[in-house]
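Two complexes, one shared chain (chain A), two partners (chain B, chain C).
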Partner chain A sequence: MIVGGGPAGMAAALEARRAGVQVTLVEERATLGGQIYKQPPPEFAVRQPKALGKEYVAGRVVVERTLGSGAEVLAGHAVWNVWGRGPFDVAVYQHGGTARTLRTEHLILATGAYDRPVPFPGWTLPGVLTTGGAQSMVKIQQVYPGRRILMAGSGPLILAFSVQLHKLGANVVGVLEAAPQPGPGTVARLLRGALGGNLPLLREGIGYLAYLRQHGIPLHYGHAIARAEGTEQATGAVAVQVDRDWRPIAGTERRFDVDTICIGYGFLPSLEIPRLLGCALRYDENQGGHIPARDADFQSSVPGLFVVGDGAGVAGSAVAIEEGRIAGIVVARSIGRLDGATAEERLGPRRRRLAQLERFRAALATAYRIGPGIYEWATDETVVCRCEEVTVGEVRRHIRPGSRDPNAVKSLTRIGMGLCQGHNCSQQVSAIFAQETGRPLLELPPLSPRPPVRPVPVGLIADTSVPEMPSRIVRLPEVEVGDPQKSDVAPEADR
Partner chain B sequence: MPNVEDRRVRDHGAIERGPAVSVMVDGVPLPAYQGETLAAAMLAAGRRVFRYAPRTGSPRGLFCGMGVCYDCLMVVEGRPNVRACMTPVADGMRAETQRGPAEGAEPVPAP
Partner chain C sequence: MSTDGPLGARPSWTPPGERGGEDRRAPREDETDVLIVGAGLIGCATAYYLGREGVECLVVDRGEVNREGSGANAGSLHIQIRRPERAYSDETLRQFIPMKVAAGRLWAQIEQELGCSVGLKVRGGLLVAETDEELAVIREKVAYERELGLETEVLSASEMRAIAPNLSEHLVGGSFDPAEGLANPLLVTPAYVRLATAHGARFRIHTAVSATEALRGGGFLVTTSTGMIRAKRILNAAGPWAGTLAAMAGAPLPVEGRVIQASVTERREPILDQLIQHVRPALSLKQTTYGTFMIGGGWPATTDPQTGRPDIDPACVAGNLGVALRVLPMLRDVQVVRTWLGVIAHSLDRDGQRLQIFGEIPSVPGYFVVAGGTLFTMGPLFSRLAAELMTTGRTSYPVDIFHPERFGFARSMSRRW
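And now, the complex of A and B:
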């Protein structure tokens, strides 16, 4: 079973099907493709596929192959829990439909990533959105999110998105790139990394820069978003110069007359399912922080559980595809559908391609690492938990110097307990915790995941065959608050 | 129909939209096209405030556009906390700006 129908999930499905393995592919959206291969709604007719970009065109091909591969594709089905450890019981529900549990010996997770939420003053105002959100809205829904757009982010993707949006007619008035202008050392590293099969990627990047220059769209290196202004919605943006660690430099603010701010500071993996299953984690800031530890076959610390693609660590779609393919081949081999020799034949080129891609990614990571100062853009008044409306200041006030675990703050303030289940706030909360306690980020456990990992109506998952249970009243003994002697007393049940 | 602005991409004809429909937002009809999400129809009409958050009353709109941030919530056909970015429009669909904590949810029957 594969959870996630983006590039990694579909690649795994295709390799598994190629070896004759029975595959069920679960995707929570109505269409396959994930983010990069996003497909327009079926009611829209695509007259000029090329105008939607090469990812759309490539994506169409893969989506169609997957649908025709003989895999059982469950689109519109969300996974809300996973029980067991081989076999795995995967609880899914369909929007407006039914819920059921599917059992599988081998589980490949390819749940992808989402735009990094970056708290800064005014970030909750309508008009502030992620580059992914802007891209979906303009490219797929064909609607502009606002009249004048400031792009604020870092790395090749902020360039790519800026150009793409502008080509689709969006009024992009400027781009803020947090990293400094690449110096000769960086350029040399990028060139070296680009050799051996990655030149097209580098050429693309150069093309984007040329496009922006050609169209008079200013690119401000070493600048980041300081705040969004407005009351009902964004009516202006203030940018600030930042140092090499992305820390704001006082006295360098400049205002932009825009109504829309797109933030593109990388992505974070969607990790709820691997974490529910207790996968061991490691820390890599540039791949999105805590990510599952995996062996060379992309199997996690939980046997039978593979995690591939951006959902295992953000490395882009080319890497996602290779990882998906490898996991698909390895699962086929482990259930005896492929002999060792054939499996190796198929795995070899994938591993070589991955090594090639890794060289470029490593070069990019040095040039476009996430600056630690990103966590200092929020002030005490800035809302960090968007769902429960908890500010940075409120979080700070609940952290004691000796604390080891951000989950205590969760219990005290409700951060991470809202509908988004910590997607928006956990990274920043960990950073605040690190600042307050002096513990490095990589040592702090992320917020504990709890099922359901998607909001699911109780009526859909309640087992109505179970008869009404008589209620048991449990009377707790009276205890004085803070009395250590009495705190261990167990409650007595009323008989 | 009141004169609503239209922020749809009209130029390049790469995509042909589905049939035109109408959605009611806070009792006001907004033009939409089959296949669009409620969020798209709202943004196309220049309506960027989808709800007011319960604790602080702060205006919220589209943030992630992919269904993970749960900020674009509206009351749709009487159901609160519906993600507008994940909800395809239907002709005559009724949506309201969500204000405060969820109202209109079905009451839990007494034990």
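And now, the complex of A and C:
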């Protein structure tokens, strides 16, 4: 079973189907495609496919192939819980429909990533949106955000999207890139990374830069968004020069007269299911913070559980596709659908391509590394948890000296307890916690995962036929009372 | 939406000027009059009630404040007789019921006492029946309760829906106790911490006790992971770990931790005021002051076969939600946002009654225990009584049914109804 119908999930499905493996592909949206290949919902008729971008067109082909591959495609189905460890029981429900539980020996997670939420003063104002959000508006609803747009972010995607928006007729007045202007060293590294198969990627990036120059859209290196102005709606933006760590430099503020601010500081992997299943994690800020530890086949520390694509660490769709393919092939091999030699034959080119991509990714990660200053842009008055409306200052005040676990703040402030289930704030809370306690961010446990991983209506999962609660008693495991490390048997108290 | 916003009257965590205080500069050997082990509701509340009397307290916890049972319980305020209590002897209930009544009175004015909102809603509790047989049990129970001084009454289906109009039409009736309700466990303990701190109590978290030595001539020398502590007296408020901890002082007690689970939904407009319980399948259901629905009742967790650790049992989530849905049909399209595990302490007295343990251990003078299950409802009262006992040697209610000596030789008992 594969969760996620973006590039990685579809690639895995296609390779597994090619080897004759029975595949069920679960996708939360009504259509396959994921973020990058984002397809309009089925009820939309697309008359000018090219206007939706080349990803849409390329995606259309992959989607059609996947749909025709013989894989069972459950589109519009959300996974709300997974339990068991080989076989895995995957509980899904259809929006507005029914719920059921599917059992699988091998589970490939390709759940993708979501826009990194970056709190700064004014970030919750209407008119401030993420590139992902803006992209959805344009690609799906074909609505243009705002009259005058300031783009703020880092990395190739903010460039790509600035160009895309401008081509679609939007008025992009400037692009803020937090990273410094690439010096000769960085350029050389990017070039080296691009050699051996990645030149098209580099060419693409250079193309974006040329386009911006041609159309007189200023690109401000070493600048970040300081705040959005306005009360009911964004009426302006203030940018500020930042140092190499993305910390604002006093006295360098400049105002932009805009009504829309589009934020794109990268993505965070959707980690709910790997964390629910207790996968070992590691930390890489540039790939989105905590990410699952994986072996060369992209199997996690939980046997039979594979994590591929941006959901395992943000590296873009090209990497996602190769990882998906490899996982699909490895699963086919492990259940005997492919013999070792055939599998190796298919894996070889994929691994080589991935190694090439990794070189480029590493070079990009150096050029556009996330500066630790990003966690300091919010002020004490800035709301960090939008669901429960908790401010940064509120979080700070509730961190007790000596505390080691951000979950303790959660229970005091309700932060992360809302409908978004902590998606939009947990990273920032951990960062504030790290600042306050002096503990390194990478050592902090992420807010505890609990099912459901997606909100699920009571009526879909309730069993009204149970006459009585089971009398089973689950005792606390024996714990060393004297060991402070072994506390928190019930690590979470949220409501 | 609730008018009592989440940021409304939240207690501040550490008083101004206290930041960066005791935790980092914990001395190698510390001294205190009373050492309280366990920074849950009991430990923190008792620190306040003792501090108010001028008694010096140091509270230590192996983890953080208000986790485990104190923070993970569902916040129900139970007063009327519940199923486990149906096995109690007449003698026990005659002593226990007046304490429940007193606990209810204490809760009713706790926000005034604590000086802040703790998500309190005391609008009564309904124990509902789906069948005539279940209603017969309720009638018998209420007759008995009224004899013992509880204000419960039997309500017909229509009377019940008059006060809780959204309950299912198939319910045949229930019992109503006006003193029942709910509060937010995540706010209650921190409020006590703030008051206790203001009265001089100190807190040391991530401080685990590994040995307790009773000194000749009185007092204790306690070994912890952050240094030695000398204490004149000890209050063991370690919840499920109270038994193990007491054993260190030479007085093992039969306390175990049991892992249960509960669920919470998204916020909705307020439509339910009461604490709802079911007479047969376990259920506690209420709408918090935030508008979320808390659904629990003690359904057990499961054990992960691979790690041996407690884990959410999806079948019990489904069953628990199913009972809630039977009782409150509008829950059908309300979204569950989280399920979680909680631990409850469980202790049986020598007669097999599931009771809290309260008092000084006779063989270890100066060593006090307050432990056992359902201590959220009874917590503020037991904490007050503990402070009374430790300052005056007496309590304003008789507490001999909870005496530590009555625990340890449990035999099974049959249920009354």
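To be clear about the criterion, the second predicted complex is superposed on the first by the 464 of 495 C-alpha atoms of A that agree within 3 Å, B and C clash if a C-alpha of one lies under 4 Å from a C-alpha of the other, contacts with A are read in each partner's own complex, and residues count from 1 in each chain.
Note that in this section a contact is a pair of C-beta atoms (placed from the backbone, for glycine too) under 8 Å apart; a residue touches a chain by one contact, two chains touch by 3 or more.
Not measured: the values here are computed from a predicted model.
**Student:** State whether A:Gly133 touches chain B only (first), chain C only (second), both chains, or neither.
**Tutor:** Touch status of A:Gly133: first partner only.
**Student:** Where does A:Gln214 make contact in the superposed view: on chain B (first), on chain C (second), on both, or on neither?
**Tutor:** Neither partner.
**Student:** For A:Ala462 in the superposed arrangement: first (chain B), second (chain C), both or neither?
**Tutor:** In the superposition, A:Ala462 contacts chain C only.
**Student:** Given the touch rule stated above, what does A:Thr98 touch, chain B (first), chain C (second), both, or neither?
**Tutor:** neither
**Student:** Should A:Leu419 be classified as contacting the first partner (chain B), the second (chain C), both, or neither?
**Tutor:** both
**Student:** Once the structures are superposed on A, label A:Glu232 by its partner contacts, choosing first (chain B), second (chain C), both or neither.
**Tutor:** Only chain B; A:Glu232 stays clear of chain C.
**Student:** According to the stated criteria, A:Leu168 is in contact with first (chain B), second (chain C), both, or neither; which is it?
**Tutor:** A:Leu168: touches chain B, not chain C.
**Student:** Give one of first, second, both or neither to describe whether A:Glu389 is in contact with chain B, with chain C, with both, or with none.
**Tutor:** Both partners.
**Student:** Which positions of chain A sit in both the chain B and the chain C interface?
**Tutor:** Correct list for chain A: 388-389, 418-419, 455.
**Student:** Show which residues of chain A lie in contact with chain B when the two form their complex.
**Tutor:** 28-30, 35, 40-49, 51-52, 114-115, 117, 124-130, 132-138, 141-147, 168-169, 231-233, 270, 383, 386-389, 418-420, 423-424, 455, 471
**Student:** Could you pull out which chain C residues touch chain A in their complex?
**Tutor:** 5-7, 10, 12-14, 19-21, 23-24, 61-69, 71-75, 184-186, 190, 203-211, 225, 238, 240-241, 244-245, 248, 256-260, 262, 264-266, 280-282, 288, 290, 292, 294, 297-304, 306-312, 314-326, 331-343
**Student:** Give the list of chain A residues in touch with chain C in this complex.
**Tutor:** Where chain A meets chain C, its residues are 81, 83, 85, 89, 91, 101, 278, 388-390, 394, 397-405, 408, 411-414, 417-419, 421, 450-452, 455-459, 461-470, 472-477, 479, 481-484, 486-495.
**Student:** Touching residues of chain B toward chain A in the complex: what are they?
**Tutor:** Spelled out, the residues of chain B in touch with chain A are 7-9, 11-19, 33-37, 39-40, 43-44, 48-50, 53-56, 58-71, 73, 81, 85-86, 88, 111.
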